[in-house]
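First subunit A sits with subunit B, and in the next complex the same chain sits with subunit C.
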Partner chain A sequence: MTSPAITSTRASWRDHAGSWLPVLATLALLGVGLSSSGYIVTVLGFAAIYGVFSTGLNFFMGYTGQASFGQNAFAALGGYGSAILTAGHGMEPVLALLIATTVSVAIAFAVGYPTLRLRGHYLAMATFALGLITYEITIEWTSLTQGYMGYSGIPPIGLFGYELVTEKQMLVVLVAFALLGVWISNRLRRSRFGRALAAIAGSEPAAAALGVNVAGYKLVAFVIAAAYGSVAGSLFAHFVGFISPEVFGTSMVVLSFTMLYLGGIGTTWGPLVGAVIVSLLPEALRGLKELQDVAYCVILVAILIFAPRGLAGFAPAIKQFFNRGAAAKAE
Partner chain B sequence: MTGVAPANAPAVGTVRTPGVTTAESPLLEVTDISAFYGRVHALKPTSLHIGRGELVTVLGPNGAGKSTLLRAITRLTPASGRIAFEGRDVSGLPTHRLAELGVIMVQEGRGLFGQMSVRENLILGAYTRPGGDMDKQLGRVFELFPRLKERIDQISASLSGGEQQMLAIGRALMAEPKLLMLDEPSLGLAPRVASEILATLGELNRQGLGILLVEQKAPLALKLAKRVYVLSLGQIAAELPASEIRSHHDLARYYLH
Partner chain C sequence: MADITQLLQSLITGVGVGLIYGLVGIGFCVIYNASGIVNFAQGVFVMLGGMICHALLTRLGLPLVLAAVLAVPIVAGIGMLIETLVVRPMWNRGATMFAIILATLATQIMIERITILTLGDQPRSFPEFTPGGPLKLGDIAVGYQLFWILGCGALMVGLLWLFFTRTRTGRALRACSQNREAAALLGIPVGRMLLVSFALSAALGAVAGILVTPTQVTAFNIGTPFGVNGFIAAIIGGFGSAAGALAGGVLLGVLQAAAIVLFGAGFKNVAALSTLLVVLLLFPSGIFAGFKGFKRA
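Presenting the complex of A and B:
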C-alpha cells in the first residue's frame, strides 16, 4: 500500500513560492505605477487588461490545447456592450459589465457549440472568421457602434454613482481584476475540471476513454475564455473612455498570442507575465529610437529561444532554488 | 455471428462462459456493429459477447479491423449496430458515458499523457470516480506494477515501453472498470515484458474483471483466454474455444483465406 503522501496536497510556504512571487511582483509593479507619471500608469493599465484577456485565452489554448484566433470578438462584445449601455443608456458601469459579459457568454455558447466540432486548423480558421465577422459588424452597424468613428464618452468604472476618476485609481482596480483572473484560473486548473482540460490537451481520444466529456469541456473552456475576453473589453472601454473597431482588431490576436507564448502558455501566471513584458518592453526600448522595433523583436526571439516554454517555465527552477536553500539550512 | 469460416477450418463453436446463466445478461453484447472509414467498410456487421468475469480474445492479422472493433464499441469511431452493457442498451452513449459505466479501453499506442507524470496520469485514470479513495486505488495499482511506484514523479514519455504499458493499464484500473478492453498491449514490447503484462491481465481476470483483449501475438493471448474470436477482412471468421486452436496452422487458416 502507498503512504497518504502520494496524493497529499499539504505544502509549505516554499512550495507556494511559484505563486506568491508573481503576486509580489505584480503588487510591486502596481507600486511603481502609483508612484509614476501618467504614461506609465496607462501602459500598466493596458498590461493588466491584456493580462485578463490572455489569462482567459489560456484556458482554451493553454489548458485545453485548442486554437482560437477569434477571441477578440468577445473583447469587442464586452467593450461595445459596456460602451453602449453606459454612454448610450446611462447604465451603471459594473451592471453594464455584467450584462455585456452575460451576453458574450451566451453568444460563446451559441457559436462554440457548432464550431468546436472542428479541430486543428479548421477550428483556427472558424474562430478567425468569428473575429473578422465581429470586426465587420462593429464597422458596418453604425447606428449601434458608430462605425469607424468609434464610441466616445464612456464613463470610468464605478459603482453606485461613485466613479474612479483618476487613472491611478483605475489601475488599482485593473490590477485587482488581473489578480482575481489569475486566482480563478489557478483554482480551476487544480480542480477536477482543470485535470479534464489537461487530459484533452494531452489526447482527446484518451481523455474520452477515461470518461472526460471532451466536447462539453472544450465548450466550457471556450466560454470561460470568452467571459474573460468580454471583461477585458469592458475594462478597456472604461479605462480609455473611447473604443473603435481597430481596438479589437486582428492585432489584438497577435499581441495576445505573443503574450501567451512569451509568458508561458498553459501555465497559471504566464499570460499575465507575458502581458506585462509585451506591454512594458517597447517603452523600455523607446530610447533606441529607430532601432526600437528591431531590439524588441530580437529580445522576443531570444526569450523564446532560451525559454521555449515561456518565462513562467522558469518557475520550477525558482521553486527548486528555494527548496535547495531550505535543505542547506536544515543540514 | 457474422462471417463464414473457411471449409477446412475447425468447426465454429458457440461457447458460453462457465458460470454465466442464461437468465443473466452478458457483460457486453454487441450486435451487428459496423463501421466505415470514408467509403471503406472497415468493420462489416459483427456480433460478439463477453460474459461477466470472462476474458475474451480477438485475434486477427494486420488490417483485419481489430482496433476498429474496439473503437466502434467505445464510440471513438462512429458505428452502427446495437451495444448492450450489463443488459442495458448503451448504443447511443458517447465514449465518456461508457467510461462512467465502467467500460474502459487501453488504446493501441497506450494513449498516455506524455508530458504528465506517472502520478498525474494515474490520478486522471480515476476521473470517473471523484469521491473514491485515491491512495487505496493507487496502492492496488502499485501492488500489480511496483515499478510505477518507483517512477511516480517521472514524466510518462520518459518511461520504457513496458513501463508505459503498465501505466496505461494501471491508469485504466484506477477507473475501477467492469470491462477492460485492451488494444494490442504487447505491441513493441520485449517478449519477457509482454508475457509479464499479459500474466497480470490473467491475474486481474481471475479476480473477476471482464477483459476483451485484442492481440496479434496469438500464443500469448491464447494462454489467457477461454474463448477466441478470429477477425479477418473486417468480419468475424470464427468464434471458438481457445483450446481448439492448438497450432499456428489452425489459426493460419483464418488469417490466410
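Presenting the complex of A and C:
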C-alpha cells in the first residue's frame, strides 16, 4: 500500500488537526457549559480542575515514565494553602494561589530530591506514603486544618476585589487554566527538556550515556507535576468553597489515574480528555449510586488490562481513517 | 512524663502489634518472591479476616473457633480471585510493574467499598479468645490475647518453614523466587505458583486480622495502615526472608509503641510513614540484609 504524496498546502491543516481540534472541542464544551444548567457547569468545572491535575501527573508518569502514587499530597497543599490564606487570613485569592504553589514547589524539591533516588516498587510505596502522610496531617493538625470537619467559607477566585461570583464565570477561568496547562505541556514536550524526559522514559542508562542529567530531569518533572497538582487543589478550594481531608484522599489518586490511563498516558491531550470523560461518568452511573467508586475501580482495572494505552491507543486507527478519506478525495 | 512501667507496658503491646505487622510483611514477601509483584492490596486481607470472622460470629451465630477457622479459607479464596481476575490478566499481557501496583491499589479501594456496602462501615470487634486476664506481672498487665498472637505467630512461621522446605509446592515457590525462567524450564508451573502465593499471602493476612481484632477494632479502612506497616516490616527484613520480616515487624511495633508514649497517639501513622521513608532512603536493601551479607562474606 502506498501513501498519497502530500504536496499541496491544503494537506497541512490536516496535519495540524491534532493540535487545534482538541482546542475547538474544549471551547465547544465550554459553550455547552455556559448555555446549560448549574449541574453541568459544576461537572465541567471539576473536569477542568482534574484536567490540570492529570496533565501535571502526566509529566512525571507519562513523559518521564516514573510513578507517583502520592501527587494528591500537593493538591492538598494547594487546597489547604489557598483555604487558610484566603478564608483564614483574608488574602487575595490569586496571591494565595501563587504562595501555595511556591510552597508546594519548594516542598516537592525537598521531598523529591531524596525520594526520587528510589526505583520500582520502593518509589511507588515512598510516594504513596507522601500522600498518606499529608492526609494524616490534614486530619490531625486540627488547629490549622480544622480536621475532619473540613475548611469552609473559602471565597471564589478573583482579582483586585473583583470576584467571580457565578459558577459560569468561574468555569471560563477553569477552562482557561486547563488549556494553559495543556499548552505548556505541549510546548515543553517538544522542547529539549521534553526530549530528555522521553529519553529517560526509554532507558535511563542510555539517557545518562547521552549526557542527560537523569536525576535532575526526573526531579524537575516531579516538581512540575507538584505545581500542577497544587494549582488544581487551589482551584478546587475556590470553586467548591469547601475542602476536607477526604477530598484529597487515596480515592483522588485512583480517580486521577483512571483519567490518565483512559485518555492515554504520555499523550498531550489524553489527561484532559480522560478528565472530561471520567467527570461525566457519574451521569451515566447515576443508577449505581453507592457502587460508583466500585465502578470507577472496575473501569480502571479493565483499562489497565485491556487497553493500557487508553483512548490514545485508537488514534492510529482514526488517523488511518482520515488518511483514507483524503486519499479517496485525491482520486 | 512517661515512667518506666508505662514504657514497658507499651513495649509489650508493641511486640503484639509488631508480630501482626510481621505476618503481613511475610505476606508481601511470599507474593514478591514468587512473581516480583508488590501487592498493594495486602492490608485488605487483614481487614477481611477480622470483618468476615465478625460477620460469621454475629450473623450466623457460629462459635469463635469455627468462625476463625472458616474465615481464613474464605479470605484465601478472595486472594485467589484477585489473582485470577486482576493480576493474572495483566501479568500475561506483560503490563508494567507500576500498572500492576496501580491495579492492586484500585482493587483495595474496590474491596473496601464492597465491604462498606455488605458488612457496614462501623468499627467492630469480638471478644478475646480466652476470657479473663490480664495477667499481672508486677505493675505490668499482659492480655491473654498477646499469648495467642505469640503462639499463632510462631505456629504460622513454623508451618511456613515446613511448607517451604518439605513440600513440593513450597520448594517450587522457592525455585521461582530464585530464578523464574530456570524454574519454568524445570517444569514448574510458574503461573500456578502465582495463584498459590496469593492464596497463602491472603491466608496469612486473614490470620493476622483475626488475631489482632480482639485487641483493637476492625473496620473497612484498617487495611491501608496494616498494609503500609507490613510493607515497612518487609523492607526492614530485606524483602525476602520470613524471619527478617517478622523481626522487622516486632522492631517497628516496639518503635511505634515507644513513639506513642513519648509523643502521643495523634501522629502515630505519621510517625510510621516517616519511618518508612527513613528506612527506604537509608537502608534500601533492609536493615537485616546487611547482617546477612556480612555472614556470607
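Worth a mention:
The rule is short, and it goes like this: the second predicted complex is superposed on the first by the 277 of 331 C-alpha atoms of A that agree within 3 Å, B and C clash if a C-alpha of one lies under 4 Å from a C-alpha of the other, contacts with A are read in each partner's own complex, and residues count from 1 in each chain.
Everything below uses one rule, namely that contacts are C-beta pairs under 8 Å (C-beta built on N, C-alpha and C of every residue); 3 or more make two chains touch, one makes a residue touch a chain.
Note that the coordinates shown come from a computational prediction; the quantities given were computed from them, not determined experimentally.
With both structures placed on the common chain, the touch criterion links A:Ser244 to neither subunit B nor subunit C. Taking subunit B and subunit C in turn and counting the residues of subunit A each one touches, the greater count comes from C.
In the superposed model, A:Thr86 makes contact with neither subunit B nor subunit C. Looking at the shared chain after the overlay, A:Val298 reaches subunit C, while subunit B stays out of its contact range.
Contacts of A:Val214 after superposition on the shared chain: subunit B is touched, whereas subunit C is not. By the touch criterion defined above, A:His121 lies against subunit C but remains apart from subunit B after alignment on the C-alpha atoms of chain A. Of the two partner chains placed by the overlay, only subunit B lies in contact with A:Ala206; subunit C stays clear of it. When the shared chain is aligned, subunit B comes close enough to touch A:Ala198, but subunit C does not. Subunit B meets subunit A in the complex at residues 74, 76, 94-96, 99-100, 104-105, 107, 111-116, 119-120, 123-125, 127-128, 130, 134-136, 138-139, 142-143, 149, 152, 171, 175. Interface residues of subunit C, counted against subunit A in their complex, comprise 38, 40, 86, 89-90, 93, 95-99, 101-103, 105-107, 109-110, 113-114, 116-117, 224, 228, 231, 235, 266-267, 269-270, 273-274, 276-277, 280-281, 284. On subunit A, the positions that touch subunit B within their shared complex are 1-4, 6-7, 192, 195-196, 198-199, 202-203, 205-214.
Of all residues in subunit A, only 61, 67, 69, 114-115, 117-118, 120-122, 124-126, 128-130, 132-133, 136-137, 140, 250-251, 253-254, 257, 261, 290-291, 293-294, 296-298, 300-301, 304-305, 308 touch subunit C in the complex they form.
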